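Per-chain residue numbering starts at 1, and chain names A, B, C and D are given in the order in which the chains are listed.
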């Protein structure tokens, strides 16, 4: 029994290491000087340095990384909160009254399977007309489209799982539609909404293609900004700096995932115990 | 949606949005390299001038190199006015010309750049841009290793044996500046451990073979030295030629023999530089833009001191380097065309060109201009020299579809190198595609 | 003080008719229990009255006012749900006060009412807890509290005790009965448990397959079931139904035994409750059989007898009674205790005077 | 249904409908027009109608079929590998995860990283001279393994994709496994069902619906893969890593064959819709069964 458990822990450590290997390797590289990277490509660091991060955040540097981060934050928040706001009432109507289950629901959910590149050029033309190009709002709106399928799916399923009697009780208590939705159903959907928010935020933050296409200067998100540091074809890539900016770009969603994980995990196990 | 509603929505939305920067003259430059640094430097000078009005000051804009041309094309085609002045390159002029306005250069321009360089920014007889940088290829090599090879009799014997085995004739090592492509191949093999276990380096060279258009430009100079061209005078596609076959087969032979890293099929500029600066590669053909990265003590601590460069190797038809210019031109939808024109005109003066060169750019200069920068930038002297002596542009490489042709070649040629198709298949596919694109 | 009347109610789900043409009147202050096996439509009936479901046809009135198309809340009823349906994200106090808030009552009034209900139900200590932190019985009280504070015209209970354990169920049942007395309110109560129905109800409505089988006081249902369904549904162990033949002599249980009086309609079944049967010597019995099993219940003894003519028959006697397994016994009963049913299962009543 | 409920339904769903129409309605119309037109970047605003030519061209293009085959193969192999691995790990690690739930966070980290960044990371990690992995391979075993040669590149991106998304499957299976009621396991163990038999006869059948969901989602995402392959190998030697999404992107931006690119995406959309429709039907069928 002891040995089996020991082996299990070893396998676990190994799996964790292999799954996270690229992250670990990049993290280590980000603490190496250029000289050390070319001399010592291994996983140990002889002279750790923060110089790469200093370069990334250098206020006099070529790019304003804080602005990229701010853009990503704003756009990702719009792209996460908006779908929740739009999908929650619709999800209730779908789950409880079957509204739009024939067309709207499948159409919206199937968006997930569609490569959204398809809409790139027409969207570009439309954004230009509306003055949405290179704005955080514009980027946020398209990120919202990206997140709608998962938001709608999760919220619809969640509402369907809620005990219907609670809503009947609320109707007996004289709750209006708005009260019912926002005072009764919404609070009970909170774990699901947190889940949607976290998944959505991570997806929005990590989105690359639309950031590349629809922003130029004012609204460039960090994933695209990071690729600026990865410029190729010209003066040479500084691999250490590139590694550092990748880590900076990956840090917010990873931290969010790690911190909020407990929250999700708690609600999951809670649900399981209740059966 | 009626027009009025549309306007209302647009107004409402723009009111919602962050205040758009009141751009003066917005310039979209080539990011990430010495070109960017140089552009920043001259912009500072320009903006400090007394006679430049506040609303004509220049603001710079950069985005990623990854997909740069794709995005620029989409922006231009959609009629973007996010920038007044944008980057253009010799091989993309044809593609971008419909969305740009020809410009007038300063009177000094001809004396500063010379006709050859100015012509890299011309399309159908009109001047579309100010040439800022000249891009070509150098042969970068490890002078220490080359000297050692030239002075060691045992090494020469090994060299002869290797060249006999792989190239059919016993050869003697020659200095890099006198190399033919055959010598290049023999030297690359000699310095590869898979061929010569005693080699001081793991690989003789590093070829950039990723399926990417820029890599095709690096490759072109090899077949060109054997007389390759895209079209003959009558407009027939001539890619299926002995010259291309020789070049393609040489790459393949080197790759299969292990003279270039196993993963070269996924290598582009940064990977190749990283390989070279690790000290495990004896030589490579690379863009002149890599000079700084390969010879800087900071970026190449192990090899900077012993790295030298010459023009690419020679062949039966001569010595060639693929050449193209980068420049800046005027967007048709510019919001401030007059301010942009003024800036572009100034950019073509000697004052600007010298400042640009001094700040790290790589303009092709002649006359008094090159004399003025010769001390600060000795590497620019051979650049101009190389450009006029060895520079070439393939017949058809400034057409609207030049980029697509490079894409196509990249697709087919890498397929041959990667063993997913035969040489004949690759060439006939390239020929068919090119015929379509060059119509 | 509220009367509720249903007139010709019909309800259809898809193509399935749950009710057709159902009418019922509930009097002011009355405790009415809907009882029946699962699927009989009793919960649906309650929900129609509550307004949670729309009727397909017919009319519902409360105190003479037509509420057929009135929203649930405006019918002035409150309901206690099977699962209690407490809002999990609100404290007990918020749960109880929720309806009062939607009515926009003044805060002082809300507090007063909540406190009053809490005191009455002895849930004051838990007012600031969430439902999750309460036991089943406590949740049940909160659910009732939520119903009380609204001072409704009538209370609707949907199997409110089914989630409680046996001891708590009895206790709460008594509390509900006391509540009814103290509030003097009209209460409609759905259950499948006949003990709850018998103990709580002023009147019981027995439902089966969407039809009302009988409406009456517990005593009426027990002593004068209208049909075999009610006869067997009410009472435990359930009433024995014995096959009979109606001849000119009267109703005969089996050949050679004395016949019972002649009913006005031919009877095919005779019902007799287990407690009405008596054990006698085999030759004296109207029926004879062998004892299959005797269950000792303390005060009572249930004896299962396999008879020759009527199959298995159950008898209930005092716990002191002595029988042996396998013993042959005779069974008899007073004629006045017998119920006769015709071929449709309907009771034949009051016409058994002419004895042969 | 009463009128008020109808208008309520309209109010509830209108924001979503209007938003989707506003953001995707116009682009869709334009896409339909483009797919039926001869259009290039020069003629974006004035396409000429050519009927179904674009669709014909796409269906006749061997590269399209190669990309389709690539995507299909990639999606099937990765989704199966991810689910098998995720399922095995979820069950094998369940004692650990039950005792220390936060350990799960370590395992699911890869799926939180942007796939585009993941591709960039592997460019560094797999590089022969600056990447740790080839470095150790060479120093310890004297091997220069070409991870991205034409012969190995598929295996490599298969492994990369699998490593990034196995955690997704693992997470789903972990949740499903933990939600199996304990009394079912107890009942089984009273019956003398334990270990492997418990797993195959009791637990796995109970997790079957989750397996379906996980396979399906991973299949969809594998089929439309773009970011990580794009940043790592682009189209690959001889186009060997061209997924359908990459094919569309290249046709669109690189080759300027806009009509053809959009026609290809329409075909993809139709295929996806069909698959989802069938899946939804079957799902619904099961629910009612």
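Definition applied: a residue touches a chain if its C-beta (ideal position, glycine included) is under 8 Å from a C-beta of that chain, and two chains touch if they have at least 3 such contacts.
If you're wondering where the values come from, they're calculated on a predicted model, not measured in any experiment.
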{"item": "Chains in simultaneous contact with chain A and chain B", "value": "D"}
{"item": "Shortest chain-hopping distance from chain A out to chain D", "value": "1"}
{"item": "Maximum centroid distance from chain C, chain identifier (CA atoms)", "value": "B"}
{"item": "Leader among chain pairs (count of C-beta contacts)", "value": "A-D"}
{"item": "Between chain D and chain B, distance of the C-alpha-averaged centres to the nearest whole Å", "value": "36"}
{"item": "Interchain centroid distance [CA atoms averaged], chain C/chain D, Å", "value": "57"}
{"item": "Chain B and chain C: spacing of chain centres that average the CA atoms, whole Å", "value": "91"}
{"item": "Chain D, residues touching no fewer than two other chains", "value": "44, 127, 129-130, 134, 231"}
{"item": "Residues of chain A engaged with two or more neighbouring chains", "value": "38, 41, 120-121, 125, 227, 230, 239"}
{"item": "All chain pairs that touch each other", "value": "A-B, A-C, A-D, B-D"}
{"item": "Complex interface listing, chain A residues touching chain B", "value": "34-35, 38-39, 41, 62-63, 120-121, 124-125, 128-137, 212-213, 216-218, 220, 224, 227-239"}
{"item": "Footprint of chain D on chain A - complex, ascending", "value": "5, 8-9, 11-12, 15-16, 18-23, 25-26, 28-29, 37-38, 41-43, 82, 85-87, 89-90, 92-94, 97, 99-100, 104, 106-115, 117-123, 125-126, 141-142, 144-145, 148, 152, 177, 202, 205-209, 223, 226-227, 230, 239, 242-243, 246, 249-250, 253-254, 256-258, 261-262, 265, 268-269, 271-272, 275"}
{"item": "Contact set on chain D toward chain A in their complex", "value": "5, 8-9, 11-13, 15-17, 19-20, 23-24, 26-28, 30-31, 34, 44, 89, 92-93, 95-96, 101-110, 112-118, 120-122, 124-125, 127, 129-136, 139, 163, 166-167, 175, 178-179, 181, 220, 223-224, 226-227, 231, 244-245, 248-249, 252, 258, 262, 265-266, 268-269, 272-273, 275-277, 280"}
{"item": "Complex contact set, residues of chain B against chain D", "value": "66-67, 70, 73-74, 76-78, 95, 98, 202, 209-212, 258, 261-263, 265-266, 271, 274-275, 278, 280, 403-404, 407, 411-412, 414-421, 426"}
{"item": "Contact set on chain C toward chain A in their complex", "value": "47, 50-52, 71-74, 77-79, 81-83, 85-90, 98-99, 102-103, 146, 150"}
